[in-house]
Every structure is written in structure tokens, then in C-alpha cells.
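Chain naming follows the written order as A, B, C, D, E, F, G, H, I and J, and within any one chain the residues start at number 1.
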């Protein structure tokens, strides 16, 4: 643990976030996501939901403003969208980042996820809660 | 995730618990414990408190009844003992295990911890919350 | 060993089962299956038949109900099907999972097996006893 | 699997047995033995009892006749000795090896076990079933 | 060394043979074969000829009777075939396995060898002595 | 790079700082320090002086207030102390941590450094600029 | 540190430079470059700008004069080119190497970077500061 | 060092030469060759020229007489060929091997070199000094 | 294989012999020697007797003439010494090395063997056939 | 290879020299020195004598002036000292370093060598040519 850093960010997760560059993507995956068969680095955060992790990450993580979308969600193909998306929207809004959401059809989301920099394996139990973030430029 | 297994138990933690044998000890360490300099295996569960982990572990973990003490706590050297010890006692009681607590002076606790099988690194913020469990025999 | 966990589930097997996600598949292979040349992770359980392993795994492993088949068998191309399939059916029935069996022609089965998450190498001596399970969603 | 080799002998176990030399010892440990904290190589054979493994190993493993004892058991300190020892005696007798049993006090057994070549981790549930074998010379 | 196991079978070779399954192939390569550039596992048995190794392996290794050929030789393209093939034939005959030999043109043999499970690197000095064995089912 | 984290803190350094616990020590070593022969983890930050690193670290790193000294310096054995110590004092003062400096004789410093958690290898060219920090408790 | 070698050149960077041969390329990447997802070796020099590293490297690094361009820059697609390019030009001029600059469109630059020998990850904050150097022949 | 083995042949080089088989090729590369980006094993012999290494290797290394060329050189595309080729010719002649030289155009040589068994990285400073040897059959 | 090098010397054994220096010792161990529990590097040459290996090694291996004994044998404590020692003596004599034999009591031999550079694990079946060689200086 | 760096300094040797700090020692060992049994890092430079390496190293390597001796030689115990020491003296003199030689009795030299940072394994054939250098402070 360190001063001023949320406890939920493990040493390994922080290292991964620092190593990511402009355009790299990270997937926050729900508890049922087949994380280990994707073939990319997996950081496990068992026992946690996604919103608390999303909030902690966005304290440090700039979203990419060079592209049309920097937040990707997996579609449930229903008229009623997953409840958890609302909390995502609030967290994104509070982060003051310029977020641009796109909803991807389920299998297109799986395709996209094959090229992420890393996957955070959570225990989120809400359905269709998976979310990909695209990293932007850190201004100094 | 699996059916009937608490989500907080990571794949790595479950593997460690299964590999432990009679007499092996595990330390659930608070967020400030110097886990990585002890020289034993560390399983990180960042972002969690100890009580929820203790409860999940005791669903599977028998305490050692061949010895006088099977639960070790770190003394705060005050007349008022840490609040969190009460919740430990309730969880131990609910587990139906035959628990036998011993309070160790701080540096004796550190000494003892050098020989544990593994350390679970939590983010528990309560002071003097460290707890060692000694594994007993699984009856069949 | 742990309380409430069948002894046949090795620490490594439990870790693999916990790491699998929705849609990942596991192959329980008979003693003659060329497990090590498939190119995926192999968990050895020498000396055991498949039924006892299948029974233990289904205590924790939900089958995938998003797809038309979640249990795959290798066809013997005879009118009389392997005796062992009956015990599989009973175990699947007892598990209360919504199982949906599909029989694959031998070489299609080999093809399918190339993409499983892991293979459990058993010493099952019955012919055409290989079985693939597709993991479903853990409901909470 | 191979012709003429018992199915319970895993590839890794056979390799270990072949690498052992005159005077090296192997521990067949029950399901509660703290195998992984001894600090030597562990070969897991989860789900099996010790007698079936002992029988298979003695098909290949000569006992050391240069010393006074080549089979070591852990004492239960009772007048009635563990039931399982009888099956050990039968298996040893059937092996035609010149076996010489010594019963060690529990902590002396633990001491002795620290220097074995390897430990076979079984799921044997009988108490005081641990057994150490000392390898002899292969005559040709 | 172990009782009843030929001394020429190294611990590593025995482990490889035990891990092979139905349909896997092993190449016994002569001393000039480019074993290490094939890209598969190599087990070295320097200083030995192939016949003594072949004889030892066939004590344990069943040949595949599901296919038309289970023994492959490299053609010398001459009317007089290599002398060493006769000793192979005798050893195969003595093994009581149902062997079915096919002679492959040199470059087809190289192609085939790219997919073997393992190569045994010998010091056999006879020309065109390379031989591939296809593993069959162990009956129990 | 991330928002709000000084660029000089490398991913590896941040991971190390997060893994350190109460009482663990870190050495910021000058360019001539024999870092790699100490036998502990070395994080290289070539090309940098110590003050800029010290300042960045103290943004996150609490000093230990359970002990009499939490900042250790290497003595030059002269009446005039190294100029760089003044900048250290300013940085420590600005950090608002409760710092307690102790000056160690050169060889005692080397002794102490043998047990640090990690060494940051800098290119600091000032003499006697080595500094050890002892980590305290993160309050939440 | 060594005599006559700039302090900013880390041991690992020097090793990489020495191992590079004629035609190999190295990328000096700014702080936002996605270095770790390229798939090549990354040497981190956190906290430094590119000009000071470029200057140090060119003390040892010959540019390739067998090709039309040996220095590659990433275009900002504006009429005003990045300020930092001027300092690059001065440093290249001072190096006395025969430098030949080519400006690549952003995505072509990314393509080119996929085949470099190594990437130096800096904390350079200027935009479009990335630069690739192609190594020439060392004359003796 | 050993009796009767030239001092310039390092332990690693000898091991590589012994592991090579019929048809495998080795590249003796000059000091500017991009050895480490080829993707094959590199044996470094810094500080040496190629002729002395060639001479030592040919004491043990038979050339392949099954093919039309067993020695490959990189063309300088000039009427005057590199001086060093003469010393190669003398060394090849003295080796009593049946050598058959072919000169390859520069980029064809690079192509060919991608499939060699290993590269010996020398410090040869002569231009166009690179040489590939194809290993033949050891007669006994 | 290479020209002029005995086929029994494996690539790994040759590397070990080349890496040994003045005063380093090598043990040629019989088939029952507990090679893998000594804790030093083991080179396996299964299937071979010691004399043929000894003969091949002495072609390259100088014995140490700075000490009183450079060949060590394990005593059988009988008046009749092992038959195989005679063949050792002949091989040593033929090597033209200045050999000086010392016979060590069995447990002193084991002690001595703990510090050898490497052990060659043979399948020699003669009793008390173990032999240690001490390497001397290579004269040039 | 790089501009201005002697070709004899391999990438690995340069990395080692850069990682060494004040007080660390390096041994340049002759061709018969038992380098690999010392237990420290070995950098091989087969085929070279020590003088050429010493000369190259001293271009970068400062000697320690805080101690009474910074160059250590192994005594031949004769009135006539090894010829090669004269060339060492000239090279040391030419380096302009403040060198202070001490001659150590053979076994004391071996003792001292056990704690060096690294050993450079040369093929120097002169007797008693071993030399240890103690690194000093790089002034800037």
C-alpha cells in the first residue's frame, strides 16, 4: 500500500497501467469471462466488482481522444440495457475524461478483446458488464 | 468462478490451501504487513479486508486439534484489544471448528510468521489484524 | 486436502477449473489419448477412470446453456454405443445441470479438442470414453 | 500408458524412481502430510490410497539390504498399530524383497523425511499410513 | 536404474514414452540426423546404436493397429536395402507386435519426422537407419 | 506514464514501492554504489540524481514512526557534511512526513544495506549521497 | 558507471547497442508510445527526454550509409514541424554521422517500428518526438 | 580447455557443433552482421577474426557432399573479390574436406542465413567475409 | 557427431569437460550411485559402462600433477579388489597421463563426491566401480 | 560492435563492467582457472590472452584508490616472477590509473576470488597470469 493510491490497485495492476501507451486497451472482465484463454496478460482481482476498479483506474488513466470511441461495452441485444452501465457512466463522468462509448455486438467484442494489452479478471456478477478502455495521451 | 466456491478465493489461493498439510500455517496479513520480505509464497488479495477472507477460507480449512493453539494473533499491548478480533471470534465460532486462540507479542509473531506456508496479502486497514491459522487433519 | 472437496481433485485441477470462463472447454481424456501432443495444458490424474473425475468436477462446474451442446462425445461408429456413456448420463443427470450431448465423428472430435482450455489425462481404459465439457455461467 | 507398466505410475513418478540411486529414500505420504513444506520434490497422485501405489512401485524398486532397516513407519504410540500396516506387510512380502521395517516416533519420522529424494502425495485417509522406502542396488 | 527395466532406457526417455498416446510417433534417429533443427523434443542417447534401443522400447511400446503402417523407414533408393533393416525386422518380429512397415522416400521421411512427438538421438552409424514408430492402444 | 504520477517513477519502481510493507527499507544509491553485489533486488534509474527520485517517492511513501530513525545517511567522517544532505532535508521537510535522520558510519551503512527490500541504482555523482528510507504505516 | 561513458546509458542499453548489427534499427520512443505492445525488446529509461539519450547513443552508434534514409521521424501532418526536431538535427550534425532523415506518415511509422531491434522507452513529453535510427557499419 | 582442442572453440560452440546434423548450416558472421535479429541461436566469439575460427571448426566439421554447394559466400558485386576469400580457400583446402563454394547475392545470402542452425558472432572487420558451412555426414 | 571425437561423448558432456578447470573433479558413477541427490550437475549416459567413457574422456582430459592423487576409487574393504579396476589401470596407462591412484573408504568417497564439478551417471553394473578424476593443467 | 569501443569487449562483458560499483572486484582468469566452480558469474572470452583484455578494460575501469591494493596477482613462489607481469605493469602504467599491486599466496588468491563480482574466462596460457582488479569511483 502507498499514500494516495487506492488499495484496490494491486502492484501488478499499477505496473501494467504504467506500461500501457497511447492506443493500448485494457479489458475489465466480469467473473465469467474466459480471461485465460484469450492469450494476453491477465491480472486477477478476485472478489471485486468492476465499478470500484473502474473508478480507481480512471484516477490515473487518460482516455484516448484521437479516436471516435474510447470505451467499449458488450451488447446484451435487449431494449433494456444492463443496469451496471449507469454506474459506469457516472464514474466516467466524474473522472472528467472525454469519454466516448460504443456498444459492440457480443462476438465483435470478443474479437476486439483479443488484442487488448491486459485483462483484469474481476468477480463482477452483473451480466454484460465487460468494459474496454482505450488509453490516451498523458499531458504534462 | 465455480459453483459453491466463494468468489473471493482466487485460483491461486485455492491451490495453496489444497497443497497445505497437517501443521502447515497460513498468515492473513493486513495491508501494511511486510509480506514480500518474509521469503515465503505471497498470494495477493488487494482491496479486501481480512474478515471476508477468513470466512471463506474456513469453509474448507480444518484447524489443527493436535496442538494447544491453532489461531495466532498479534498483540497490541493494550488493555483494549483490537475491535476486529471480535469479528474473527464470530467467524471462527460459526465455522464450527475447534479453535484455540493464542496472542503473541509483536516480535514473536513476526518470528512465527517466517515459517508459514504462505501469506495472503490483504488491504485490511485495522491495526493488529494479522492472523495465523494452523491447518488440521481432514477427516473423511 | 480440504473439507468438502473431493480428494480426486488435485490442487492443479482446481486451479484450472477456477480459471476457466464461460465457453471454455475441458477434455477428460482416456488413457490412450495423445494428450501431450495437442499443445494445450495437461493435468495428469494417472490411475483414475473418467466417471469418478466427471462426478467430482460437476460438483463445481456449470454447463453452458447458451449453446446447443455442452457435452461432446467421440463416436465409435457402431450401432452399440460405449457402455461407459450410460454412467456419464447418470452422473450428468445427478448433477442437475442442463446437459445437452452431441456425438462427434472421431476426427471432428480431435479437431475440437485442439482448442480446449485444458486436458485431464486419466487412465480410463474404456474405449471411446473421451468427453468434452463446455463451461457455463456461474450464477450468484 | 505403456504395456506392462501399472497405470498408477505417472510419467513423472517413473522418472523419479529411475533417477533414484542406492540409499536414496522415497516417502509415500498420506493425504494430510505437509508435503509441500518439506522442501523436496513432490509427485502428486491425488485420489489414491498408499497400498496400490506401494504395490506398483515395488514391482521395480529394490530395497536396500546394506542397512538394518529399509522400510520406515510413523508410530501412532498406541498398543494397537494401524490396520493399514498389515496390508503393507503383505505387499512387501509379495514383492519378494528383503524388507526390514523400523517404526519411528512421529517427530523422528518428520526429521527423517526432510532428506528423502521425493515425496509421493497421496490421498490416503488412514492415520499413520506414511511410509518411507530406502532404495537398494539393482542387480544385473 | 530399476528392476526389470533395460538400462538403456533413460529416465527422460521413459517419461516421454509414458506421455505418448495413441497415434503419436517417435523417431529413432541415426548419429547424423539433424535432430535439433526439427523443432521437437530431443532425447539424446549418445554412443548407442538403434537396434538395442528399438528392442528395449518395444518391451513397452504397442504399435498402432488402427492404421495401414506403424513403422516407417527412410529409403536409400537402391535395390539393395540397408543391412540394419534386417535386424529391425527380427526385433519387431520378436516383440510380437503387429508391425506394418512402410518405406518413405528420403524427403517425405523428413517431412513426416517434423511432426513426431520426440526424437531419440543415437550414434547409430549405419546409413538409412532412421526409423519412426507409431504408438498404438495399450490394452488392459 | 499515467496522470498524476511523476514520470521518473518507472513501472518496476512503483511495483516495488507498493509491495513494500511496514518496516521494509529502500536504498537510493549513488552512481558508484556496488548495487548488484548486495544480493537484493535492484531497480535501475540510470542518468538521474537522487534528489529528484527522493521527491517523487515521498509523494507516496510514508516514513516509519514506530522507530527512532527512519532515514539513514552514510557518514563522510568530516566536519563539513555533504552539500546534498541539505536538499534531502528540504525534500523530507516538504513531504510533511515525520522524518528522523541518523548518520551511520560507512561500513555500518553497508551492513544495514544488506537487508533492504530493494536498491534504486541512480547516477548521482555527489559523494556520500546514499540514503535509506524505512517505510511506515499507510493510514486510511 | 564507467569512465568515458555517459551516465544515461544503462548497462542494458549498452548491451543492446553492442548486439545490434548493420541494418538493425532502434526506436527512441516518447512517453506515450505503446512500447510494450509492439512485441520487441524494451529498454526503459523513465524520466528522461529523447535529446539527451540521442546525443549519448550517437557517440557510439554509426548510421547506415548503404541506404537512402537512416533516421526516421513520425509526421505530425502540420505545416509547422515539431520544435524538438531542431534539436535532433543539431545533435545529428554534431555527431558527424552522415544522417539522412525521412518523415513517415504516423501509421507507416508504427508499421516500421514493429521490426526494430529494440525500443528505448523514454518520458519525452514533446509530441511526435519518436525517432528511429538505422545502424551502419563500424569501420576499423 | 582440453588437450587437443583449439582454445578458440568455446564450450558452447563445441556443444553446438556436436548437436548439428547432416544438412544443418552454420554462419560465421563478421562483426557488423545483424546476428541477434535473425532469430536463431547466436554464439559470440568477440575479438576474433573468421579465418582462425574457420580453421578450428574444420578440424571437426565435415562438409556435406550430398549437395552441389557446401560453402556459401556473400557477393560484393565487384570484379575484385574480397581478399579474405583467399585465406578461406587455403583453410578449406588444408582441411582435406571436399568443399564446393557458391557465391550468393547479398540479399539471397541474408535469406539463406535465416535458416541456419546457429550463428557465430565474430569481430571480423573485413567486408563481405560472412561464410556459411553446410554439415555433412561423419563417417566412422 | 563430429570428426575425431568419440561418439560416446555427448554434446553436454563435452561442454562440461571444456568448462572444468585446474583442480576440478568429475565423478564417473556406476548405475546404482545416488547421482541426483548429491546436488551437483548430472550428465546422464544411460546404457554405458564406465571403461568406455573413461577411455574417451582421457583423450582430452589432463590429470592434475600438482597433487599427490588425481584418481580416486571407492574401497570394497576386501582383500580382492574389484576386477574393473584393472581395466581402469590399463586405460589410465594408455592415456600417457601421470596418474596417481588413491583408494578411499566408502563414506569418505561419498564425502569427496559432494564437491565434484559434475557426475556422469552411467549404467555400469560392476560393484565399487565409481571413479573420480581430478583435472590438471592443459599445456600449450 | 560500436564506434570507439574495443572489439574484444563483448556485450555481456560491457554490461558487467557497467553494473560493477566501488569496491567490486573482477578476476581475469587464465585458461586453466576453475572459473565455473567458484559460484560467481562467468563471462567467457575463449581464445584470448589476458593482456589484450586488461588493456581494453582499463580504458573504462577506474581502480580503487580508497584501499592499499587494487590489483592482485597470484604468487608463483619463485624468485623469478612470471614474464607476463611485466606486460601487466606496462598496461597499468599506460592506463594512468593509480595502481597498487599486491601479490597473494596461491590459496589466498583462490579465497579472494570467491567473492569477486565476475570472472572473465580467457585462454591465457601463461602460468600465474590470473589478475584481480578492484573498481574505484568514477569521477564526473
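Methods note: contacts are C-beta pairs under 8 Å (C-beta built on N, C-alpha and C of every residue); 3 or more make two chains touch, one makes a residue touch a chain.
Each chain and its UniProt protein: A, B, C, D, E, F, G, H, I, J = Fucose isomerase.
Quick caveat: nothing in here was measured; it's all calculated off a predicted structure.
Between D-E and I-J, more contacting C-beta pairs join the chains of D-E. Relative to the C-alpha centre of subunit C (Fucose isomerase), the farthest chain centre belongs to J. A rotation of 145° superposes the C-alpha trace of subunit C (Fucose isomerase) on that of subunit G (Fucose isomerase), rounded to the nearest 5. Chain centres here are Cα means. That of subunit C (Fucose isomerase) falls 32 Å from that of subunit D (Fucose isomerase). Here the CA centre of subunit A (Fucose isomerase) is 62 Å from the CA centre of subunit I (Fucose isomerase). Annotation: 51 Å between the Cα-based centres of subunit B (Fucose isomerase) and subunit G (Fucose isomerase). Shown for subunit J (Fucose isomerase) are the residues that touch two or more other chains, namely 1, 7, 9-12, 19, 31-32, 125, 138, 140. All chain pairs that count as touching, in label order, are A-B, A-C, A-F, A-G, B-C, B-D, B-F, C-D, C-E, D-E, D-I, E-H, E-I, F-G, F-J, G-H, G-J, H-I, H-J, I-J. Interface residues of subunit I (Fucose isomerase) facing subunit D (Fucose isomerase) in the complex, by the touch rule stated above, are 29, 31-37, 125, 127.
On the side of subunit C (Fucose isomerase), the complex with subunit B (Fucose isomerase) involves touching residues 1-5, 7, 9-12, 14-19, 59-62, 138, 140.
By the touch rule above, subunit J (Fucose isomerase) contacts subunit F (Fucose isomerase) in their complex via residues 19-24, 117, 137-138, 140.
Interface of subunit H (Fucose isomerase) with subunit J (Fucose isomerase) (complex): residues 1, 7-13, 31-32, 44-48, 52, 123, 125.
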